[in-house]
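Next, two complexes with subunit A in common: one pairs it with subunit B, the other with subunit C.
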Partner chain A sequence: MDAVLLARIQFAVTVAFHFIFPSITIGLALLIAIAETIRHRTGGEVWDRMSAFWTRLFAVSFVVGVATGIVMEFQFGTNWSRYAKFVGDIFGAPLAAEGVFAFFLESGFLGLLLFGRERVGSRLRTFAAWMVALGSTLSAFWIIVANSWMQTPAGFRIVGDKAVLTDFWAAVFNPSTLPRYLHTVSSSWVMGAFLMTGIAAWFLLHHRHLGVARASLRLGLTVAFIGAALMFVTGDNSARQVANTQQAKFAAMQGLYTTTSGAPLTIWSLPPTQNPADAPEGPAVVVSRMLSFLTYGSFTAPVTGLDQFPQDQWAPIMPTFLAYHNMVLLGTVMLGLMLFGAWYLYRRSIEYHRGWLRLAVLAIPLPMIAIQLGWATAEVGRRPGSSTA
Partner chain B sequence: MDLATIWFLLIGVLLVGYAILDGFDLGAGILHLFVARDDTERRTVLNAIAPVWDGNEVWLLTAGGALFAAFPPVYATVFSGFYLALMLLLVALILRAVSLEFRSKVEAPAWRATWDVIFAIGSFLPALLLGVAVGNVLRGVPLDAAGDYRDGLLGLLNPFALLVGLLAVAMFTLQGASWLVLKTEGAIAERSRTAARLGWPVFAVLWIAATLFSSQDAPGLWDNFANPLAWLVPIAFAVVAVAYPLALRTRRELLAFLLSSGSIAGLIGIMGVSLYPNLVPALGGASPSLTVGNASSSDLTLTVMLAVALIGMPIVIAYTAFIYSRFRGKVRAEGHGY
Partner chain C sequence: MLTAQATSTAVSATDIAISLGLLVAVYAVLGLLWLFLVVREISHGPAPAPAGVVEEETLPLPSAGPLLRPAGGPMAGSGR
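Moving on, here comes the complex of A and B:
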């Protein structure tokens, strides 16, 4: 095992561990801000206790998120110094902007929200909650800008031994920034909402903190349902961006070796191998022509396969395929669960469906697993390069 | 003034902001085992920094990002060269964050005592390590032909850098003591006052020692002082630093804290004046020093970043000031807090 591989593993572990926390905080921040707004409007004492409870959980995740985020930022210098020199002209700016526009906002107003409950009025407290939500949502923007630039670089040219910025807005809004940002943020809402729903369900099952639990379940479940549905919209959008601008990655995600007109959508199959000759023959669930339709809106449109790219530029196909397909599968499971939940909530019978409540507790890690699989798809899928178009 | 020099100054400003703000909560962490004896007192100290400490740490994150954006080769050389020292710094910062969040969540005295010690170590180490890192940058680092530093952690532990490390510890401790004098009352405040009174001469002696030693170990740092204007910075620093014990004795607590903050700004200012135009002076001659001239990003990047700073930082400073003003006054152990 060489040092570069070790450094890759180290960075992957750092990023994967780090992202657990921002995805929770981005989601919870929105939920807390909504809860604070309801509290401000209605003066409801339950919402007051509820927002206090979730703000404490938020604070723990936020602190660990900041601490692990500094590790991530530092590793660009400590482990990837050649990369840092090569892309510093472009790559550093979003990291700095993230601090200036997002983290100060989030951490400053979080202090007010956590420790200033007696020192500020109701209106200002609600404002602080929204500022925390804004800060956390903006922080995701700048880091996605940096990562998307690694996926689909734009607004630069290579001068000598480094990449030099030529167009800031083109670099910021490179082809993959917005689709990936929306997908990331909506997945974080789902994460926060599943956490809230699951913990509320656990309280209800154990007859504890019933007031807070009922309010949390209502809010969490509503956002989880909307968020899970939104995931499919943003996910579809994101997949089409990949199909249009990162075709080699898209082919690896779909396990498509040869360019095909009217390509089928593989729902499930044995994972494809790196060498097409070894590709497994076996049972598979496919919808014919669906991939072409979902991607290009036409049942006959050609979808570029791996055969259009030299074999040494293929991403590791099996992990990319597996990560992508399991992410979609999990997303479907999550939407199904919340569909039932939303129906029970609408019928006001949710507390009697103890089986569903138990499932909701068990489902807490699902969005996190799906998010990690999504990142694996994005990052493994763009190998072998550090930055690749 | 060219863009790269403006960014040299702005990164200095971010570092000053970091040292002043995180300085007081690191200092409070270094001191809390000594100035706070029981659980109520410990929680009072934690509550004195609770609402603001992680916001203070964001200054480090932003300074790191700005350094990366404005001077990528410096970021690359310093961060990969000082690898182990920085990893140790990160471990300390993580342990510190975790100990703050975890300590008061469980009642058991042994649990709390353990996290208190970790919190103290996690506050002491960053101060020392940042000081050692800055000391090495000031002194210059041996760079090979590829512009890399390869002498490892032991190479960083030279006498001058260690002296600067201790100076940083003294500076942050003094800042922490000044904050606790301002924010607490009774026994904690009195003990913090004593710490500040005893700490100041230590700080002064360490500064004089480092200054004298630099003329032997890093004579290049004196080049800019051929210009008489450069002396304004150390003179301002000296005035502020000398006024500090007077303010402390006359119990003007806010003034003392501001003077302590001012001496931090002055000290970093002296370092900036000594370094300029270098960012990382190279020793050994295999590779040129990294300077504002040869290590900066393109003008477009620096301009964009300047726009970000000019739009963003006034807003940041405004709401930070507002939040601090909401928390003005003495803190106690009870109420919302740790």
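Moving on, here comes the complex of A and C:
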């Protein structure tokens, strides 16, 4: 294997492993902050124990997340030094901002929440929990800024062999930053909420810690349901942004070789091949004209296909298509599961549905798999450029 | 900029392969450590209720809704 492929694999391994932990901590931080708020307002003893328990799980994930995240930044220097030189002026700001504004905020207040929870007042403790949530969410923002600039670069000009920042805010709020950030954060909320719901369901199935389990199930399930619905709204927004600014990637995601007016939405099909001549003929589930409607709000709008781009600029179609479609499939399964859960919770019968509780335990990894598939869609679909500049 | 033009010229494929192997090994250890700590925390569970506070375990279950109330709940007869 050549160095480029190995460097790609190494970065992919690093990101995929690291990404497990921030998505858990972003989600859990919100849930802990909500639990602390309820504890502060009601004085509920169970919310106090619940918050302490989830803060310990948060801390374990936070530590591993930090350890794995540092490696990524070093890799820019070791494996990708020409890229680091090319974009150093632009990447430096968001990566530094992530450390100064977000990581220190998160880690400082996490220390207070972990070691000072009995030493500070109730109001300050609640404030600390919200600062941890804010810090973890802001941390994601600056990382997404850097990655979104690689997707849809803005606010720069090329001087010699370097990209030089000309407009900081244009670079920060490049076209894909907000859609991708909102989708990532809502997905992370779902991750944290599925973890909380699944573990609470396990406690209930084993008749353990019922007080904390019930409170965790109520909170986790509510946030998982709302988060899963939000995930679809933000995902739809993000996909439309890709259709408008990264048309070749969008065509690869949809497996659309030819520009089509009234393009159908493929729900399921055999995966497309890199060479259109080898495209499999087989059964497929499609909704006629729906892709045009979802993308542009018109059943007859043309959707740009891969035929508008030179073949050497196509992303690897099969992995992009498979990653995207399986992500959507998992999102649908998660929303369906939480829809039933929310109904059972509303009917106050959830503890009788042991099948659902078992499914909730088994479903803990689903958001993580979906998040990894979403990241693969974004990154594999971006090839062959390391930025589109 | 193309990805193929973005790598370090001074780092060989062998260097990357070795560091990749080491990273996978370190991450495997970190992953197992994380899993061990999480499972341990879950096994220990949350702190018990302080003395004088009635544990919810001793309280009755939330009542089931009229449509989905089963004849005998899964925990019926458990005294909880």
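By our rule, the second predicted complex is superposed on the first by the 388 of 389 C-alpha atoms of A that agree within 3 Å, B and C clash if a C-alpha of one lies under 4 Å from a C-alpha of the other, contacts with A are read in each partner's own complex, and residues count from 1 in each chain.
Definition applied: a residue touches a chain if its C-beta (ideal position, glycine included) is under 8 Å from a C-beta of that chain, and two chains touch if they have at least 3 such contacts.
Owing to the predicted nature of the structure, the values given are computational and were not obtained by experimental measurement.
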Would you mind checking whether subunit B and subunit C clash or fit side by side on subunit A after the superposition? fit
Is A:F74 touching the first partner subunit B, the second partner subunit C, both, or neither of them? first
Touch test for A:I267: subunit B only (first), subunit C only (second), both, or neither? neither
Going by the contact rule set out at the top, does A:R82 touch subunit B (first), subunit C (second), both, or neither? both
By the touch definition at the top of the document, which applies to A:Q10: first (subunit B), second (subunit C), both, or neither? second
Contacts for A:V64 in the overlay, against subunit B (first) and subunit C (second): which applies, first, second, both or neither? both
Touch check for A:F101: first (subunit B), second (subunit C), both, or neither? first
With both complexes superposed on chain A, which partner does A:L165 reach: first (subunit B), second (subunit C), both or neither? first
Return first, second, both or neither, reflecting whether A:L110 touches subunit B, subunit C, both chains, or no partner chain. first
Upon superposition of the two complexes, what minimum C-alpha distance (Å) separates subunit B from subunit C? 6
Can you give me the overlap between the subunit B contact set and the subunit C contact set on subunit A? 60, 64, 67-68, 71, 78-79, 81-82
Listed in rising order, the residues of subunit C that touch subunit A in the complex are 1-13, 16-17, 19-20, 23-24, 27, 30-31, 33-34, 37-38, 41-42, 45-47, 49-50, 53, 55-57, 61-65, 67-70, 73-75, 78, 80
Taking the complex as given, what residues does subunit A use to touch subunit C? 1-4, 6-10, 13-14, 17, 21, 45-46, 49-50, 52-53, 56-57, 60-61, 64, 67-68, 71, 78-83, 86, 199, 202-203, 207-212, 214, 344, 346-349, 351-354, 383-387, 389
Give the list of subunit A residues in touch with subunit B in this complex. 59-60, 62-64, 66-71, 73-74, 76-79, 81-82, 84-85, 87-93, 95-101, 103-105, 107-112, 114-120, 131, 162, 164-166, 168
So in the complex, which bits of subunit B are touching subunit A? 47, 50-52, 54-55, 57-58, 60-62, 64-73, 75-80, 83, 86-87, 90, 93-94, 97-98, 100-101, 148, 297-298, 300-301, 304-305, 308-309, 312-313, 316, 319-320, 323, 326-327, 335-337
